[in-house]
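Next up, some structures in structure tokens.
In the two complexes below, chain A is the common chain; its partner is chain B in one and chain C in the other.
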Partner chain A sequence: MRLVIERGELLRALGHVTSVVERRTTIPILSNVMLKTAGASVEFKATDLEREVIEQANAEVTQPGAVTVPAHMLHDIVRKLPDGAQVELKREPDKDRLTLTSGTSRFALQALSAEDFPDLSPGEMTHSFEIGASELKRLIDKTRFAISTEETRYYLNGIYLHTAGHALRAVATDGHRLAQVEFEMPAGADGMPGIIVPRKTVNELHRLLEDTGASVQVGVSKAKVRFEIGTVTLTSKLIDGSFPDYDRVIPKNNDKELHVSNAAFKSAVDRVSTIASERGRAVKLALDADKLTLSVNNPEGGSATEEIDVGYKAAAMEIGFNARYLLDIAGQLESDDVVFKLADSGSPTVVRDSADATALYVLMPMRV
Partner chain B sequence: MTIRQLSPETINRIAAGEVVERPASVVKELVENAIDAGARDIDVVTAGGGLSLIRVADDGHGMGPTDLALAVERHATSKLTDDDLFDIRTLGFRGEALPSIGSIALLTIQSRAHGTPEAHEITVARGAKSALKPTALNRGTCIEVRELFSATPARLKFMKSERAENQATTEVVRRLAMANPQVGFSLTTGERASLRLPQAPPGTDGHLARLGRIMGADFMADALHLSGEREGVRVTGFAGLPTLNRPDTAMQFLFVNGRPVRDKLLVGAVRAAYGDLIPKGRHPLLALFVDVDPPEVDVNVHPAKVEVRFRDAARVRSLIIGGLRGALDQAGHRASASGGAATLAAFAAVTGVQGASGSASSAQAWSHSNSQSWRPSRPVHAPTGFAEAMQAPLTGSFAGFDATSADTSPIAHAPAPDLLDRPLGAARAQVHATYIVAQTQNSVVIVDQHAAHERLVYERFKAMLATGSVTRQGLLIPEIVEVGEAEAEVLADHSMDLAELGLALEPFGTGAVAVREVPALLGDTDIQGLVHDLAADLLHEGASKRLRDRLEAVCSTMACHGSVRAGRRLTGPEMNALLREMEATPNSGQCNHGRPTWVELKLTDIERLFGRR
Partner chain C sequence: MADETRVLCRDCCAIVLLEAAACADCGSDRIVAHPELETLAIAHIDCDAFYASVEKRDRPEIRNLPLIVGHPGGRGVVTTACYIARRFGVRSAMPMFKALDACPDAVVIAPDMAKYKRVSNDIRTIFEAATSVFEPVSLDEAYLDLTDDWRTEAPPAAEALSVIAARVEREVGITVSIGLAPNKFLAKLASELQKPRGFSVVGTAEAKAFLSGLPVSKINGVGAATAARMQANGTATIGDLQAMSEQQLVATYGKFGHRLFQFANGRDERAVTPDRPTKSISAENTFRRDTGAFDDLAAEAKGLCARVAAQLVRKEFAAGSIVLKLKTSDFKILTRHRRLAHPTQRASVIEEAALALVRREVGRQTYRLIGVGAADLTDATSADPPDLFDRP
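Let's look at the complex of A and B:
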């Protein structure tokens, strides 16, 4: 194999694929990225056995072939090369080394055979649809904070993507709070199976979406999901489990409505929670006619109170929430009129932008 | 085949199978008899691992000829009055031991009843009783067992090596000796005198001295006395400091009414009491003596009586935990004295190499101190006058210390002299920005600042945890945990206690519970695993510390992050404040991982290092 590639092109491709490669692996070849020539381009492929990323880059191929080399090392080398440099990659057929030459720099990297590189075998995608990159990004942005990190409830370790009525809906929950975002169902998604996209895939996808404004081609089957973003293809296994019946826990009859400016609310919560230095400290919301009093009491650190003017007509009540959870949700809300729908101090509360019905959050209170 | 009544010999041999498992069991039965007979000195001799000879001689009240003849009959005993099995005040009571032994060996009993002029002897040869005949004996009873198991060759094949049997015998005598400090014991196995324990003086110190002879000198130095009593149950004994620990539970002894027993109750209670004071997988040393009214305990559970059953196990357990906790809390900042000894030993080893060219007499002293077995005996307090005389030049030298050494930051001003009287003394310097060197009237104290401060912060968090209620995070989707019927029931019974610690759960059908709220401190946690573990603890031990442990583990991590790190320079007032707080805080003698937070080098030991003593 022998090819010459421009440094920027190589860096872009490696940047897309390397982050999927784990730093420490028990199978040596999993630390590697596969380079494979295809006509006038070269294909980069990296995997952690759960997901793989494939990227195409233009190159001047003089001799076709395939090889795998340590991904992070190659990425680091290329990053340190000067801008605009031409990089030559060459592997003698009978040698287990890939030589990289650029200007006066010369590297020889330990190579492993491309034949041994694992293949995720994407299989047949039963449904496929197109979705705008910004819409997909919003879907992820607004839900991923609620993904559970607790490994025993593995079925909560991802975003549940499914159709609901005429909408494509994403839901994530860790059992303490829940985020639900939806938008109009794209053509082709009708009848697709509900899938749980694992957290690492979600994060990879989010990263890949940053660079693009185009649309994304999504393929879905019972066991895998594939996202085609420009020249990058991300294929991932799904979490094999059933997502709980989340709709049951979204309260429908909460009658106490609280309207508040998000900016004011967010900064007030942020200020009072300074006192709640450790995790698990509650922010108390005391509601009275058109007045909300936020307070935190920490016997070690002191206490904080802040009052904000709100729209509230129902009976006075008090409710406590985890400060971090409140901030997480406030960070997702955009409008200046946020609605809290409450029932009582022990029941779940619904939070959403009043103008936007496509995103809603459910938060379970704390008891002190 | 027709059914027929077994012969008395066969019955006795079957009983022997239960009572006499190995030579050590014979020793146990005979020594217990001697103790029950009020002996003050008991001499045990075995040969051939106990198979060829076991002889137990005591100076107890002995037996007259009629008693002697009856003693070798099955179910004949002097120890059970009015046939009341529920009021047992002696070690033995079943009346099985002597006839059982007699049925499988050559048993000779010589005895002279107290105050009578003549002694008698009776022999039982593999079940065949001889006639009574007069013999010569000064006092008490002497029982000889020869050719043990000669009537049951099958059992003979199961004997382990002579050494293993000797070890088991030694263990039996040691355990009995621990419970009976006022009795002198001597044990000779084969040619070797393996145990010589003189009668210990009465009182706590005497008892500790006896325990020290058996459990090691370290235990004697680091033992805390505890005693507690509640509703007819009395727990006394000695518990080792947490910093004195070992990888197994072999040095944990429980005695119920003077009877050495093995009980998992002890294991659970010890774990609960030592909790976060001891590293995982390490076990403290202790010897506990539970005295209960005989009707409150059933000792007739096991033929060899190694197990007992309490009528109210939970009370005994809580009393043990309470007693241990109390003793440990009182110990406060005390850390293992053996830590200091180990430090000194290390000192001695290093200096020993350099000082090899010293004078002949000191060279001899060094080689002595280099040997592994060397441990300074517990330092005696130096007379105050002498200590003060030593004080002056030391203080002077520190005051004149110039701070050229970058690693040492001495305190320039002289501390108030009364600080020297405090247990941890006055801070003198910080070395390597990690250790505080403090001086007391008669020792030098070295404190690991991070470990010590971490413990203080942790204890503060724990106190907060104990006083304030734990905040609970509600769950959107209640977690259903399938645990099994018995477990679900016991969890439901304890739901109030659990709710106090932040875990709200309720029964959910048969064999399952629904968890509705979890302690907010734990964050996103493995609820299934936690509930399963809790259920198992509650079911088998009647109580669980697991939830509290988990919360305390979080506190411990927070404490680690919130405490003064190694490498931080501390000023004099800061160091003294740390020392004073350590003195005032319970359990500050070890860090959260069970390592000592400070060691003390006694002046006398330091003097010994320099050959001044």
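Let's look at the complex of A and C:
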């Protein structure tokens, strides 16, 4: 294999595929990225056996071939090369090395055979549809913070993407908060199986979406999902489990309504929670006629209170929430008018953006 | 011509000049010589055969007999053996029946923990006089930081340590062994070099050479399982680790590789931290008969989980992670950890985590002991946040 490629083009391709490569792995070839020539371009492929990313880049190929080399090392080298440099990659047929030459720099990288590189074999996708990159990104932004990291409830370790009526809906929950967002059903998605997309795939996808404004082609089967974003293809296995009946935990009859300015609320929660020493400390919300008092009490650190004017007409009550959970949700609301629908201090509370009917959050209170 | 070498005389408890291989002041040959003697300031002090020494102190009539402290009979193990019993091959953690096979005439005394705690406090009072920065590791060992910054009176660290040793002997009536080094890791190894009543120094200059011949198991965190894995990789001594780069070690042993690299090269950044708060709560039990069956292990684990949960509630802590400890029939100790999604005080949550860990260790070998521990302790108020899906 022998080819010449522009540094920027190489860096872009490696940037897209390398982050899927685990820093630590017991199977040596999984540390590698595969380079394979295809006409006047090179294909880059990386995998962690749960998901794979494939990208193409233009190159001047003088001798076709395929090879795998340590992904993070190659990425680091290319990053350090000067802007605009031409990079020559060459592998002697009988040597276990890939030589990289650029200007006066020369590297020899330990190579492993491309034949041994694992293939995720995507299989047949039963449904496929197109969705705008910005919509898909929005869907992830509004839900991924609620994904659980709990190993025992592995089926909560991803975003549940499924159809609901005339909508395509995404839900994530860790049992303490739940995030739900939906879109009008794209053509082709109707009848697709509900899928749980693992957290790492969600994060990978989010990263890839940052570079593109175009639309994304999504393919879905019972076991896998595939996202085609420009020249990049991300294919992933799904979490094999059934997502719980989340709808039953979304309260429908909470009658106490609180309207608050998101900006004021967010900064007040942020300020009072400074006093909390450890993650998971509760912020107490004391509600009275058109007044909300936020407070945190940390026996070792001190206490903090802050009052804000709100719209609240129901009976006075107190309720506690995890400060970080409140901030996570506040960070995703787009308009300034937040609506809390409460029942009592021990029951789940619904949070919505008054200007956005497509997103909904549920928060479980903490004891205060 | 007088020798200008400055050494520590353990009888004068002072840095003195060396004369004819003895103290120039008192003529004692209990001297400690080392080029870095006056600059090193981290020490490890270990009481010699602590429980046994305390018992012998209190019963002079058994002073010259082999003594084993441990629960007699059945499936008890040796807690401590005195130096006479050790000559017969008796070791700590050895099953009592084996120990008595090796040394049938030994006197066996059941441990009296309350007494050892009192003696330990007496010793700590002596440490306190030397430095405010000492870290008790257990009743009979502690690390001391004798850097000048911590001390109002500051004789050289070596002198202060020899004073401690002399005072413990005189006032408490037992002996200690001391290791003086640039850091905790080396100090601990140094204190083991010469026992009982030892005083050993390992300096920065010889650290690498000193470590190179030692087995990897001398490194904190390298238990039997890791040592066996290293052996399989052809790594038996710390010298073998020294031959590897940090990157290689990290590639092979993960995050632990950083620590291996530091330790193997004689570096240890851990500070001596006084007054360590409760770091874990645990319970363990020895089986009446060794077993490898999941049902037996699980049944025992459940009881332990309930005990740990009760302790957590009583001490007002919540567990951030769960540790399973198993001792194999051939006395190897395995520990397995699992991080919890949220801190807990509930036996059921601890049990779920512990049993998941047990399940992975079943079918390989038989075990004689099982333990369950709560680690990453946090404030009880953060325990078990209410769950959307756990509601009626």
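Heads up, the rule we're going with is that the second predicted complex is superposed on the first by the 368 of 368 C-alpha atoms of A that agree within 3 Å, B and C clash if a C-alpha of one lies under 4 Å from a C-alpha of the other, contacts with A are read in each partner's own complex, and residues count from 1 in each chain.
The rule we apply is simple: a contact is a pair of C-beta atoms (placed from the backbone, for glycine too) under 8 Å apart; a residue touches a chain by one contact, two chains touch by 3 or more.
On a predicted model such as this, the values are computed, not experimentally measured, just so you know.
Q: Just from the overlay, do chain B and chain C fit on chain A, or is there a clash?
A: Aligned on chain A, chain C clashes with chain B.
Q: According to the stated criteria, A:213 is in contact with first (chain B), second (chain C), both, or neither; which is it?
A: It touches nothing on chain B or chain C.
Q: Identify the partner contact of A:24: answer first if only chain B is touched, second if only chain C is, both if each is, neither if none is.
A: So A:24 only meets chain C here.
Q: Who touches more of chain A, chain B or chain C?
A: B
Q: Just one of 219-227, 255-263, 273-281 or 363-371 in chain C runs into chain B once the structures are overlaid; which is it?
A: The one stretch of chain C in steric conflict with chain B is 273-281.
Q: From the superposed pair, tell me which chain A residues show up as contacts to chain B and also as contacts to chain C.
A: Chain A residues touching both partners: 148-153, 173-176, 178, 244, 249, 278, 280-282, 322, 346, 348, 362, 364-367.
Q: Mind listing the chain A positions that touch chain C in their complex?
A: Where chain A meets chain C, its residues are 24, 148-153, 173-176, 178, 244, 249, 278, 280-282, 322, 346, 348, 362, 364-367.
Q: Show me the residue ranges of chain B that touch chain A in the complex, using the header's touch definition.
A: Against chain A, the touching part of chain B is residues 460, 464, 468-469, 471-477, 479, 517, 519-529, 558.
Q: Can you list the residues on chain C that touch chain A in the complex?
A: Residues in contact with chain A: 250-251, 254, 338, 340-343, 352-353, 356, 378-379, 381-382, 385-391.
Q: Hey, which residues of chain A end up touching chain B in the complex?
A: Residue positions touching the partner: 148-153, 173-178, 244, 246, 248-249, 278-282, 299-300, 320, 322, 346, 348, 362, 364-368.
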